[in-house]
Structure formats: C-alpha cells, structure tokens
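Going by the order they are written in, the chains are A, B, C, D, E and F; count residues from 1 in each one.
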Amino acid sequence: MSDFQPVSGFVLPRFAGIPTFMRLPHVPLDDPRLPQVQVGLIGAPWDGGTTNRPGPRHGPRQIRDASTMIRAQHGVTGLRPFETMHCADLGDVAPNPADLQDSLSRMQDFYARVTAAGILPLTAGGDHLCTLPILRALAKDGPLGMIHFDSHTDLYHSYFNGQMYTHGTPFRRAVEEGLLDPKRVCMIGIRGTAYDSEDRDFADSVGIRVIPIEDFHARGPADVMAEARAIAGTGDTYVSYDIDFVDPAFAPGTGTPEVGGPNSFQALECARGLRGVKIVGADLVEVSPPFDPSGATAYLGASLMFEMLCAIVSAHS
Amino acid sequence: MSDFQPVSGFVLPRFAGIPTFMRLPHVPLDDPRLPQVQVGLIGAPWDGGTTNRPGPRHGPRQIRDASTMIRAQHGVTGLRPFETMHCADLGDVAPNPADLQDSLSRMQDFYARVTAAGILPLTAGGDHLCTLPILRALAKDGPLGMIHFDSHTDLYHSYFNGQMYTHGTPFRRAVEEGLLDPKRVCMIGIRGTAYDSEDRDFADSVGIRVIPIEDFHARGPADVMAEARAIAGTGDTYVSYDIDFVDPAFAPGTGTPEVGGPNSFQALECARGLRGVKIVGADLVEVSPPFDPSGATAYLGASLMFEMLCAIVSAHS
Amino acid sequence: MSDFQPVSGFVLPRFAGIPTFMRLPHVPLDDPRLPQVQVGLIGAPWDGGTTNRPGPRHGPRQIRDASTMIRAQHGVTGLRPFETMHCADLGDVAPNPADLQDSLSRMQDFYARVTAAGILPLTAGGDHLCTLPILRALAKDGPLGMIHFDSHTDLYHSYFNGQMYTHGTPFRRAVEEGLLDPKRVCMIGIRGTAYDSEDRDFADSVGIRVIPIEDFHARGPADVMAEARAIAGTGDTYVSYDIDFVDPAFAPGTGTPEVGGPNSFQALECARGLRGVKIVGADLVEVSPPFDPSGATAYLGASLMFEMLCAIVSAHS
Amino acid sequence: MSDFQPVSGFVLPRFAGIPTFMRLPHVPLDDPRLPQVQVGLIGAPWDGGTTNRPGPRHGPRQIRDASTMIRAQHGVTGLRPFETMHCADLGDVAPNPADLQDSLSRMQDFYARVTAAGILPLTAGGDHLCTLPILRALAKDGPLGMIHFDSHTDLYHSYFNGQMYTHGTPFRRAVEEGLLDPKRVCMIGIRGTAYDSEDRDFADSVGIRVIPIEDFHARGPADVMAEARAIAGTGDTYVSYDIDFVDPAFAPGTGTPEVGGPNSFQALECARGLRGVKIVGADLVEVSPPFDPSGATAYLGASLMFEMLCAIVSAHS
Amino acid sequence: MSDFQPVSGFVLPRFAGIPTFMRLPHVPLDDPRLPQVQVGLIGAPWDGGTTNRPGPRHGPRQIRDASTMIRAQHGVTGLRPFETMHCADLGDVAPNPADLQDSLSRMQDFYARVTAAGILPLTAGGDHLCTLPILRALAKDGPLGMIHFDSHTDLYHSYFNGQMYTHGTPFRRAVEEGLLDPKRVCMIGIRGTAYDSEDRDFADSVGIRVIPIEDFHARGPADVMAEARAIAGTGDTYVSYDIDFVDPAFAPGTGTPEVGGPNSFQALECARGLRGVKIVGADLVEVSPPFDPSGATAYLGASLMFEMLCAIVSAHS
Amino acid sequence: MSDFQPVSGFVLPRFAGIPTFMRLPHVPLDDPRLPQVQVGLIGAPWDGGTTNRPGPRHGPRQIRDASTMIRAQHGVTGLRPFETMHCADLGDVAPNPADLQDSLSRMQDFYARVTAAGILPLTAGGDHLCTLPILRALAKDGPLGMIHFDSHTDLYHSYFNGQMYTHGTPFRRAVEEGLLDPKRVCMIGIRGTAYDSEDRDFADSVGIRVIPIEDFHARGPADVMAEARAIAGTGDTYVSYDIDFVDPAFAPGTGTPEVGGPNSFQALECARGLRGVKIVGADLVEVSPPFDPSGATAYLGASLMFEMLCAIVSAHS
C-alpha cells in the first residue's frame, strides 16, 4: 500500500491531529512527492465574488476539520479509494482578499501547475467564482462538459451596473470564453425566486440543459442523473457542486440558501450517480462557516467530496 | 410600472438598506399613497396568547430582514407579483405586551382600517391568537372559509382553569363568534401528542375537516390541497399558516414544535396549491426568532409569504 | 386513575416545574412507591465509551427538560399510556466518569435492582456502551432478541490497539457474552464511511441481519419494520435506538453523525412499527447536548421515547 | 446533619440527576417535611409583565440546571449554609401565562402560604413584576426596606397608554401600596438611556436613594454596600437582584440589557455586602434563557443566589 | 418639538416597527425633508477591504435593529439630543461588493452629497476602509484632526504583495492624501501581536500619537481622553471608533479581535470624553454580525453611537 | 533567519492554510528536522480525567485554528520569538479515549521523547490531568517548582469513592510522586464554591502557596506575580495555565467555570509576569470547544500561549 493513506481513527482518534483533507498527507506544490499524486485535494479560500453574505473563504479550513470524520471505505460499495489512487492534500491557493482579478490570476496559476503535474484537482471552495479560474486552467485543450448541482444557474451577465465577475456569473463567462461546451452542460436543482429570466434565456439560447427542482423532485435522483450522464457524454467533464443545491435544513452554512431543495440522502445519491462520467476535476463550493459554526454543513460537504472522489476513482480504475 | 416595486439586488445588495417586507415601500396607514395599495404586508408583533415558549413578538422584524432575500419573480411560474398588484409594507400594529384584551382590540382596529381602505392583508405574526382579531375585522359580512396549515388545531376551549384566549383557542372562538363557517374550514398537518381529544371532538361536531399528518404524508401535498380547495369552495377564504406546520428541522424557530412534519419543498407545494382559492387575507404566524437566531425559519416564512402572495395575485388578476 | 400521572400543561405550563421524564413522579429506587411502578424511565448519564466527540453524559437532563413538551395522549392512536401502566422517573444511575469498568458495574447493579423490582426499563443515555450493562442485567434468563436503530453496527472488535469496551463495540461483546441471540437481532439504518468491513463480516458470520440505509430508503419504514418484527419473533426483545439513526439535520446533537438518514417522520414510524414486539427494555442513546444546545435533538429523542413507551404499553395491555 | 443536604458531586457527578435548586431536596407545599424548612428556594416562571424581549418564564428551570454546579461550601468564608439552616426547593408557582392579574394573584397566594409556614423565600424569576406579589405576601406587617440591584429603577408610572402593571413599574406600585418604606430603599447600578426622568423624579420625591452606575464605578462595591446597609437599617429588608444589574458581557441572557455595568466579581461582592442585613426574602430575576442558551447567565444567577443565601444564613445564625 | 423624534417605547414597543437608526425618521437623499436634517445617521454596508474574517457589510442592519433599544434621553447628563438637533436615518450607501475601487467612489459620492447638504454624518460601518472615502468627502477644505479608537493603527503600507487599499491601510492613505493632519491625530487602545513595527514607525515619523493599551489601562479613560482632546485641539476633527477597540468579551462580533481591551464602561467613558471636541463626522465600524448573531456587539455599537451623537450635539448647542 | 518561521498573513491570509500552532512548520517526532527544534508546541487531545463537562479533547485543534490569528511580533515588547528560538508544531499525542491509564502512559512516553530531544514543551490541552504525565516526563532529575493559574487547586485526594486520577487531583499526585516541590509551588486565582477544605488543608500542610481571587483582585497582577516569581525562585519551574483561571465572560469554553475571575488584560499581565522564571515546560489546558464554538476562548488561549512562549524565549536568550 502506498504512503498516501489517511490516518486511521483506530490509531489516532478522529478529533486529534492537524486536520488535512480526509487525514491525507500534506503535499505542497514544491514537495518532492508531488509527482506521485494522482488526485489533489485543494482549498480555494476566497469569496471575493460574493454579492450577498460572505464567508466561503473560511470553507476549506472547516471542511478539512469536518473531513477527519471520513473513514477509508465507502459504506455502500466497499470501495477504498485511497488504496486505488494516490490522493493528497495540496494545501490552499493564496488569494488576495482585496483584489478580485489578482485572485483569479493566482488561482488560475495554481491550477495550471496542478494540471501540469498530471494531478486531477478536487477543490473545496470558496465561492462559485473560484470555478472560473479552475476551468481556465483545465480547459486548455478545448471546452469541457459540466454537471452542475446548484440552486442557481450562475449564468447572469452582470451585477451592480456592469460588474461582470461575481459568483452569479462564472458560467456565463466560461461559455463566452469557450471553456464549457454548453451542449454538454447540465444544471440540476435550480430554484428560488429570480431577478428575471435572463439567465435561463441564455441557457436556452446556447443549449445548456437546466433541470429545475420541481422536475428533480418529480423524477428522483436516479432518473435525473441518467440524463445528466447522457448530456455529459464520454468527453472530459467537470463537476461543480454548490452546497446550496441541498436544502438549507441540511446545509445552513451558505450565503444564498434557497428553501425546497434535496435532502442529504438525495444529495449523496446525485454524487453517486456520477460514476461512469469522465471527470477531469470537481469542486464543492459555497460552504460558509460563519453561517454554520456547528460544522454540519462542512461535514456534508466533506461527505460529498468523498462521494465525488469515489466516482473519480471508479472512473480511473 | 407602478411605484410599488421592490428594490432590486442588482442595484442595492440584498444585505443593504432598511428592511421592509420584500424590499417594498413603507406605506403607513396615514400615508397619502395608502389608497393605491392593493395588498398590504403587515407585522403583528405580539405573542401575549402564548402558553408555552414566547418570542413571536419578534417575528415581524426578523421576517422583514430575511425577506430581503426574496427576488421579484417566481421561480416556477415566472409570475412577477409586484408588477400585477400594488403591494406595500404597512408597518406594524402597536400591541400592548402586558394586556391581552387591549392588544386584541388594537389589532382589530388596525385591520378594520386596512379593510376599509380596500386592502387585502398579508400578515406576519405574532402568535396564532393574532388571527382572531384579524378575522373579526375581515368577517364583517359573514363567516369565512379557512385553509389552515398547522401541527395543532388551536380549537381548545380553554387553558389554565378557564383562560379562553390563548394561541391554542383562536379558532374555537372564531367559530363561536360566527367568523368562520366550519363546513368551509380545512386543517392540514395536525400531529404530535395531545392533552386529550376535546379539540378534535369539537372539530367533528361542527364539521371542520382535519387532515392529520399521517394522511398528509400518505397522500401528498397535491391531493391534500385539491381537497382543501374543494372544502373552501368559491367563497371568501382566509389562509392561516402556522410555521410549526413544517418540520422543526426546517423551522426550528417556533414555540411549540412537533416533530414529523413536512419538509420545505412540501411546505411550498402546499402554498402553491392555494391558487384558485378566493383569498381575502392570509397570515404566517408563530415564527419565534429567539429560538432561531440564524433567521432560517424567518427566511422560510418569507418564502411562504411570497408563495401566498403569488396565490393572491393569481386569483385577482 | 393511579397517582402515576404526568402534570398537565393545562395546570402547570410546560416550561414550569422541576423537569422529570414526561412530567412523571420521581420514584428513586428506595422510594416506597417503587413496587407499584411498571415502567421505569431511567437516565444513564455516562459517555466514557465515546471514541469521538463526547457529551451524551448530559443527555438525560436535556431529554428530561425537552420531555416536558410531551402530552398525555398519542396523537394518532389516542392511546393514553400513563393511564394504562404505572410509569415513573427512577432518576439517574450514578456513574464514575473517570473509570470505565466501575461505571459498567454501577450500571449493571442499578438495572439488576430495577429488574428485580419487576420494572421494565426505558433508558435515556448516555453513549451506546451503556446498553451493554443493561443487557447484562436483563438477559439473566437467556439471550434476547434486539431491534437496533443506528447508523453504525457497533459490532467492532476493538479500538486503539486493543480497547475492547467503547461505544463501537457493545453488541460484539453482547453476542460474545451470550446476552443477544444474533439470529434474532436486526440492525436498521447502517450507513456512512467505514474503517473496514470487519463489523459487517462479524454480523454475517453470526447471523445478525443488517439493513443498510439504501435498502431502508428503497423499501420504506413499514416494510422494514415488518421484517424486523419477524426477526425478533415472539421472544423477549430489547430495543436500542441510537439517535444518530436519524439524519443529522433532524438530530444534530450527537457525536458521530452520518448524513443521509431518515427524517423525523420516518424515525417515528419506525418506533410505531415496534407494536406487537415483546419488549423487555428499550433505550434512546447518544443524544449529546453540547452539540445541540437548542434541545431539538433531545426533543426528538423524548418523542421517540414516548413512541417506544406506547409500543411497550400496547404490548402489555 | 439534617436531611436537607445537597447531593455531593463526589457521589453523583454534577451533570447527573434531576436538577433541583443547588441539588437540594424537593419539598412541595403539601410535603410533610415543609414545617422543617427554613429557607425555601422557589421558581416564579412568569414574564407576563415584560414590555420588551420575553423569556424569564424559562429562568427557574435553567437556573436549577446551572445551580447543580454549586458546591456546599462558600469559597471565601468557608460557610456551609446547608448545615446551618434547612433549605429546600419548594418547586414553582403555577402562573397563568395569558392573564396578568390572575398570575399576580396566584403568586401572592403561593408566597402567603410560604410565609405562613415560617419559610424565608429565595426566588428565581421570572420578570421583575414577580417581585410585586412577593412583597404583597411578605409586607403584611408593615412596609419593608429594600436593597435593589438593577440597571433600571422599575419606578415608572405606566406604559402603553395606561398599563400600570409591567416589569417597569413594580416598585412604583409597591410604594403606593405601602409595601416598601421608600426611605429604607436603595437602588444600585442604575444606568442606560432613559425615556425621561419621571422615574427618578418619583424616587427623589419619596426619598428612595438611587446610586447610578457612574457613582458605583467611582466608589466601588464595598463603599456602596456600606451605604446600602445603612439605608436598610435594622428593619426587615427585602433584596431584589435583577441580573441586568451585571454587565451584559457577563449576563447576556436578559431582556433589557444595559452596557457599562459591573463585572461578575463586583456582582458577587455586592451580594457579599448584604451580610448583616435583616433579610426577610430575596430574589434573582430577569434571567432569560432564550437569550443565553449556554446557561452562563443562569450560572451567574445561581452563584448570586448562593451568595444571597449565605448572607441570609449569616444573619440568622 | 420637531418632527425628527424617535418613536417612543411607551407607544410602540421597542421590538416592533421597521428598524431605523434609533427609531428616527428615514430621510433618503432625495427626500424633501433633507435640508432640515442636521445629523445624518448613515449605513455603509461594505467590507471589501477586509483581509481577514468578513461580515461588516451586515453591520448597519444589525446596528439599526439593536438601536431600537436606545431611548431618548442620556442617562447621566439628561441630554435629549433629538430635541436639540434634527437627526435622521439617511439610509445606506449602495456599494459594489465585487469591486473595491467602485465602492470607494460610490461612498465618496454619497458623503459628498451629505456634506453638501450641510449634514454632519454619523456612520455605521462597514469595515475600516469605509472611513477613507468619508474623509475624502469631508476634508475638502484641508486636513482634519482625528481621534481614533482601535486595537490596530490601520497604518500599514500594503498587504499581499502590493495591495494598498485594505482595512489595514486607510489612515496611511489618508495621511498621504492630505486628508488628516498627523499632528492632530491620536490613536487609542492599540494592542495585540504585530506583523512588524512598520505601522508604528510611520506613526512616529509623521507625528501621530499612539496610546497603546498598556498605557490606557494604567492611566484610565479620563486622563487619556484629556490628552486626546488636547491633540485634536480646536480644529475640525473626525472620530473613528472601531468596535475592536473594546475587549472581545464585550464585542465578540468583529473580524480581527484582540484580547486585553477596555470593558464596556470604559468604552462609554471614552466616547463621553469627546465632549468639547469639534466633531465634523464620526463612525462606528467593524461590527460583524455573523460573528455575533446575538446582537450584543451591535447593541454596544449603537450605545456608542448614541454617546458620540450626544458629544456632537453638546458641541453644537 | 531559520526555517522555523510562521507563515505571514501578508503572504497567505490568516484564514487560509492548514492550521498548525501559530502557523509554524509541522515537525512530527520522526521528522529529520526534530533535532533543530528548541520549543515544541504540542497538542494533548484528551479529557478522560474530566469529572464534569467534557470537551477539552477538542482543544488542540480549535486552538491551532485560532492561533493562526497570532502574528510574529509581541505588541508591547517588540520581541519576535520565532527569530530567537526554533519553534515548531510537534503534532498531537495519540490518546486512548476509553482508557485513562493507557492515556497517561502514552502521554508520558511522548513527552519523554520530546525531552530526550532537548525540546522544551509548550502544550495545549486537554484537561488538567494531562499535566501529570508531562510532569512525570519532565521531573526526572528532581521535583520542579510550579506557577499555576486556575480557579481550582486540583489538589483533591479522590472522587467517586476512591477515583484517584481525575482533573481535580493531578497536583496531589504530583506532590505525592515527588514531581513537584510544594514549597516552590504557587497557585493563583482560586475561587468558587468548594466541596470542603480538604484541598486547601493539604496545600497548607505541604507548603503550597494558594492566592485566592480576593487577594488577586485586591493586590493586582503585578504584585501577585512578583510573589509567584519569588516562590518559584531560580530553579526549574513548570507553568500550568488552566483557562478557567480567567472569568467565564472572557473564556466561556471550559468545563468547570467559576465566576468572578480576572479579565483578559489581567490574564495577559499574569503571563507577562512570568519573564525571568526558569521555565522548563508550560501548558494551557481545559479549553473546551463544544462550550464555545465561536473560538473566542481558544483565541484567548492561543494569545496566552504566545505570551508564555515570549516568557520562555526571554529567559533563554
């Protein structure tokens, strides 16, 4: 077995130790072990694109803490992902909290290095604008497909009299920049009141498939995920999971909650439904610790990251 | 477009500004714009009828705060209610926290003025006894029908050795006073342990339809609401929505929670199922901020008020 | 009617008075009324077997507080259990917080006295290791069946290099000690990540039936409980209900939550599904107040204890 | 040693057991041991006089819970009060949460029975209006002196257009009714913004001594308490301690906090300064658990009650 | 008496009503009453300069809510400021949460309009960078003096490799831009660990007086404020009050707390010590509601704003 | 400058990165850099000796998180400790949460290795029983002096019918085992109610100096610390700082709070008063995160650890 194993709770109790993601080794980008890493868990502690309630900059640390509750084996499938692929905690990107464009550049550079090292990134945000620089780093060989769990489309053109970069606009920009192939993009769980229909009109115009929550509840996760997999197809696909996809009773720690979402079992089922997708990167964003000091939201986030990791490992093994 | 528009979050971020209900203009009863108002959002900050854990007196303010998260357009139907009817925040009734009967009088007077101005009231409570003076003001031309979401019937005769006015008795009084037509009253979601069967016996004796939560879960919201609409019929109908109808995981901020209730999606579906009912007034009561400082309960309450508002607007346009 | 009645909320408001379980009389083991008691509600304020986040030692007090919200009559069946059997609060076992084996002895002695008095114990824990000394006291005439609600099997062999008594091992010990008949044991709701498969392999090897959460969600509570009743059969059966069976959105106050569990209505349905089982004792464990100061978890726990009490009373009357 | 001893934390850990005040025996008014009791600890779970944020109805229960942290011996003086006088928990007065005058009557009756039994009452409130019916029961042989710790005078004439009974008016009423001798009343710690000077003008006109917080901080507790003792003199004196006397950083759980108050050491010093006063009754009021679920305020309240008890015992032994 | 009076708690309970600052009339910049206003209370809901924990964007709303606890009269001096000067709530500046420079411009423009109307601004922040655009608007006729309460100097040159505009740099910029006369600037309460001495070296080099907390505790508020008044002299002076000046036990709701600060009484004394200073504007910044949902920090902030208002009114009347 | 430098907040914002103590390098015991380390910051995540409210097992992680707020330079003295001595985070001892004696052994072994490497340990607990195995490892060449900040003496003989190892007995054992020279031991801040006088009688009998809180408040920190330094003398001295020394308003996150303690400035002054003492090890114990999820207590604890570190560095340079 490789060195890239999590510390067992049978050896060091789970409340003990310096918290890395899932108790994995910490391998910064300048660590000699970097070339061995296959999946890199990364923190993106930045929320400068937030138009509403801030806090996701604190997400990576709280998710690391909560993730020490994760054990080595998947409960349903018995998969032991850390024995199949080399996983490590690559640490956090260093953002500039007071400069949006500088932060986007810093993130893009970091992920370019990760990608260059042949490492598949699994990110804990950060707000949803963090996904834009990740896509810029990942989509260097052409547009990607995307399966996107969220209560919002994040497809708006701009806010506040022309502000084009916020956590409500990343996928508008990604389509415009050719980072995403809209025909291979599926957005699941959209709901809540709306400013207007401009985002959904854009989705329609470019061919993005939007599955609103009413359809989700009527059809169930399995059926929805079958469609999502079909849309993503066999090409390289990114997975972006906004924690506000889940109902706020299960995930209160987020800045723009929308009532009426899936419960935590459904949230897990969706992530399990990713198996078979050719995932080239994934994220779990918008966990905002100040709005849930209990850590329950972060723990759900960590559980979802583990599910996504298992989907990644399944596809690569 | 009329002046009665909410401030957009694209112009002023939703965390900014003095919080009125849904960011609507504040139009007190002595404001010259009052005659233009069609739907009045009103706070009833009083909980003097509470027999258990107090706090709903703080409800209107927290709901106002949370309601600034509501946007202008309904996510499913696309309805933009504020463009169809003139809506305004009429402010709060001034209660007397230390005198129950004086408070009931003050509320009845306030709503009489609202009704006299031709305004349909949508109230944020306050405890459930607030509904009694509202019904007294609204039912001046004869008894109303009522669709009532709650975990309790609020049909008890009296408490504490003869106390006839508490938040557990308003609808007993309302039937006795001829404010409600019991044959057109439907109560949905009743559950929890009971003192005895006296309230349900009364319901049976006068013809009130009580749908316990077991039936609700077995049948689903759509079927239940179809029956509720049939019971209310085509006559004037009041809607009273006690937040403790919803499961306490989704609405912890209330004084007498009962486990085993609907989730937030079902809670919304119920409100959506009001479309077609001839609503003459509605309320959302028993949000108790001290038991949920996070504001999540108030946010669900505001979301439900928006749904009820859309049902009102649909029926009037 | 006997003296063993709860104080009514119509007489003394539910927030008032010294909180005993369900407002029942306090009958310590040396009280002359002890021989009249048929069901004894007992607190086991001990969590010395906890390997992760502590706190269940505070469970009994918080559950007592929350249980004053329980009224005298079951909402669905109309059963009034306190009129059928003599129920009392027997107080708390005195543990030794700094000595595991001494605490196990103290608990076994206490329950031996309870059993000797012909009283059926309904316990509020404490962590799950508390169930072991209870089983030792109850199973003196041969192994019991058990219906076990939990997200974990608690069947591990040992922790921390040979530690055989923790809240993750009680049922392994109970089977080894002949306290449980594994063929009459059914575990419901198992989920979450796992250290390895050692616990489930043991279950398989001795014939314990494990129903994972995926099956639970697919089949529903009624079907699962029918199987559980069939497994328990007609013999003496213990019921052990770990609050972490329920999804953490409904029961956040516990030390080792696992996302993806049942909601509170399903949790109640499971307890209702116990009717007909020959229950000789029951517990509700792992409520950890420091992780839910709001008391919502304790309130759900108290509601589940009431349901279990009704199942007990139904079977004995 | 008498039977009226608290349970030791060396025997039963302090988090265990049914919480009575200071772990004393529960002796309801109909208990045969009542005649032996010398000091009765009583809960007054009522807040119907609250004009602002409610919650003190929950005070007695939370204070009982917190008071299990109190041990048998005073840390400074070594006094062991429970060995000197027979102390017991007499339980709670049953209020009528929806009827102010009925609640006042119920409280007066309860305390009349306590007084008739020769028991000195030490009360945990409840809001400050609770003190009025206590004074009515205690002052049957003539007006009492009073030492009053508070940030408000509670001497206002009326609120809300003539409401004469609120927690802002009890001492105005008590002076009018001849229950207090204003020349023997000293109010300590008064501060905060004011509606107007009407309350202080009344104090001046009848001779009540008001020591504002500025003087308190300038002079220190010892000097202030010397004056208070001199004002109270040798006659029968009541002590009323509103927890909002203490700075809200130390006592956040109250409805009308005022910043700038004493710290907890000064708060204790004040209570210690009561030694030598002929105390005929005392209370600790306005602890509001919903505004401090942590219990820290209640714990300070319990500590102050222990100090007052020691002052009582010192004076009687 | 003018129309610019707060609503009395004797008329409308303090928990009721739409919360404006101190229950004053809301007078937006386009309101015809604007010319009558003398002191404008303004919210600056922006925290884009925050380098650490965000949240002050939510400050104005929570401070408004808490400020409804403020009454009309000063407790010590008897001053009734609203009867002396016309005070109003001017609402919030509309920031751009995702663009720092745009937000600075928007704030400067807003305050320029306020100043042009002859209104003295009393601001609730927002993070400390908000003070920079206010100074730009106010110092149009030459540099101002400043009395600055804080645990940090906010005099750093830059962060994050050249970021010159953060909440740690406003006064460095203000001195560089000629908005402040460093010889008339006094900073009080500085403490905590430091990156290095660069900020204090700058202070020394330009003549800013820094009074560290050790000196503050040794000398006491009265002596310190006498020096501060002497430094500010008779010229136009701005007052900037960072809530983190106060010890975090009294003001936990802030992003960069430093232990060891003044208590709330000392915090008030400092504000009272401003009397006699020629104040041309003042602010209370860095209240961060997500880190204190209880509102205690905001309430202290509102109390300090009231004290500053009284100092302003004293100086102008 | 050595490699043992903390990450600067100017480079990586303080909320970012994997949290080690004070952002120092993580150097486990098997790391090749270990021989260079001079001061080792260590977590002891164990609370098995707790007789009351548990939780300090979570202390090290929360203190690490909070300690990322600490910067490189002391605010008063300008000392930059990390430039003077090589400091590192050595990680956590692995305890056995379900076996007290095994945990004591594991801790003693760990500290023996640390001591053998010539490293001075600065520990974050854990409960106060953790200090016993540390003393066993440190006092191998003879008894140590000790300066002990606490509200309890922790000198009791035993609990619960003979339990000799709890967090209330470590120093009784340490004296008995010859680990401490009682004549060189000074305990500061003792207060609260007491079981009896047995602990203080023991202190008197062996010559331990106990300074109760009344004396502390009367004399002030400087005078008290002068005495403490004199008692400790010039010999090897251990410093043990129980966070419950500080008043619970400043340090609510602890299991056995006692009201009436020092404020945070005094708490810091005490630690600063350690300069000149020949410290051979120090700890900060009893921080219990479940009772203060906000992290304020942990942040005070981290601040005190920094002060103790500065005292250590001062003495060694």
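Just so we're on the same page, contacts are C-beta pairs under 8 Å (C-beta built on N, C-alpha and C of every residue); 3 or more make two chains touch, one makes a residue touch a chain.
Quantities reported herein were computed from a predicted structural model and do not represent experimental measurements.
Participant: Hey, how far apart are subunit A and subunit F in touch steps, shortest way?
Facilitator: Shortest path length, in steps: 1.
Participant: Chains shared as neighbours by subunit C and subunit D?
Facilitator: Shared contacts of subunit C and subunit D: B, F.
Participant: Copy of A-F's interface among C-D, B-D or D-E, judged by over half the contact pairs being the same?
Facilitator: The A-F interface is reproduced by C-D.
Participant: Specify, for the interface formed by the sequence copies subunit B and subunit D, whether it is same or different in terms of residue numbers shared by both sides, with half as the dividing line.
Facilitator: Same: when the shared numbers are divided by all numbers used, the fraction is over half.
Participant: Starting from the mean Cα coordinates of subunit A and subunit B, work out the distance between those two points in Å.
Facilitator: Distance between chain centres, rounded to whole Å: 38 Å.
Participant: Could you say which residues in subunit C touch two or more other chains, in rising order?
Facilitator: Counting only residues that touch two or more other chains, subunit C contributes 11, 13, 15, 51-53, 57-58, 97, 159-161, 249, 263, 291, 294.
Participant: So, with touch as defined above, which chain pairs make the list?
Facilitator: A-B, A-C, A-E, A-F, B-C, B-D, B-E, C-D, C-F, D-E, D-F, E-F
Participant: Going by the contact rule at the top, pick out the subunit B residues touching subunit A in the complex.
Facilitator: The contact residues of subunit B facing subunit A are 8-11, 13-15, 69-76, 78, 247, 249-250, 263-265, 267-268, 294, 296, 299-300, 303, 306.
Participant: So in the complex, which bits of subunit E are touching subunit F?
Facilitator: The contact residues of subunit E facing subunit F are 51-53, 159-161, 190-197, 212-214, 217, 247-249, 252, 256-257, 259-261, 263, 291.
Participant: Report the residues of subunit E in contact with subunit A in the complex, numbered from low to high.
Facilitator: 47-55, 57-58, 96-100, 102, 159-161, 163, 165-166, 290-291
Participant: Touching residues of subunit B toward subunit E in the complex: what are they?
Facilitator: Residues of subunit B touching subunit E: 11-13, 15-20, 26, 43, 45, 57-58, 60-61, 64-65, 89, 91-95, 97, 293-294.
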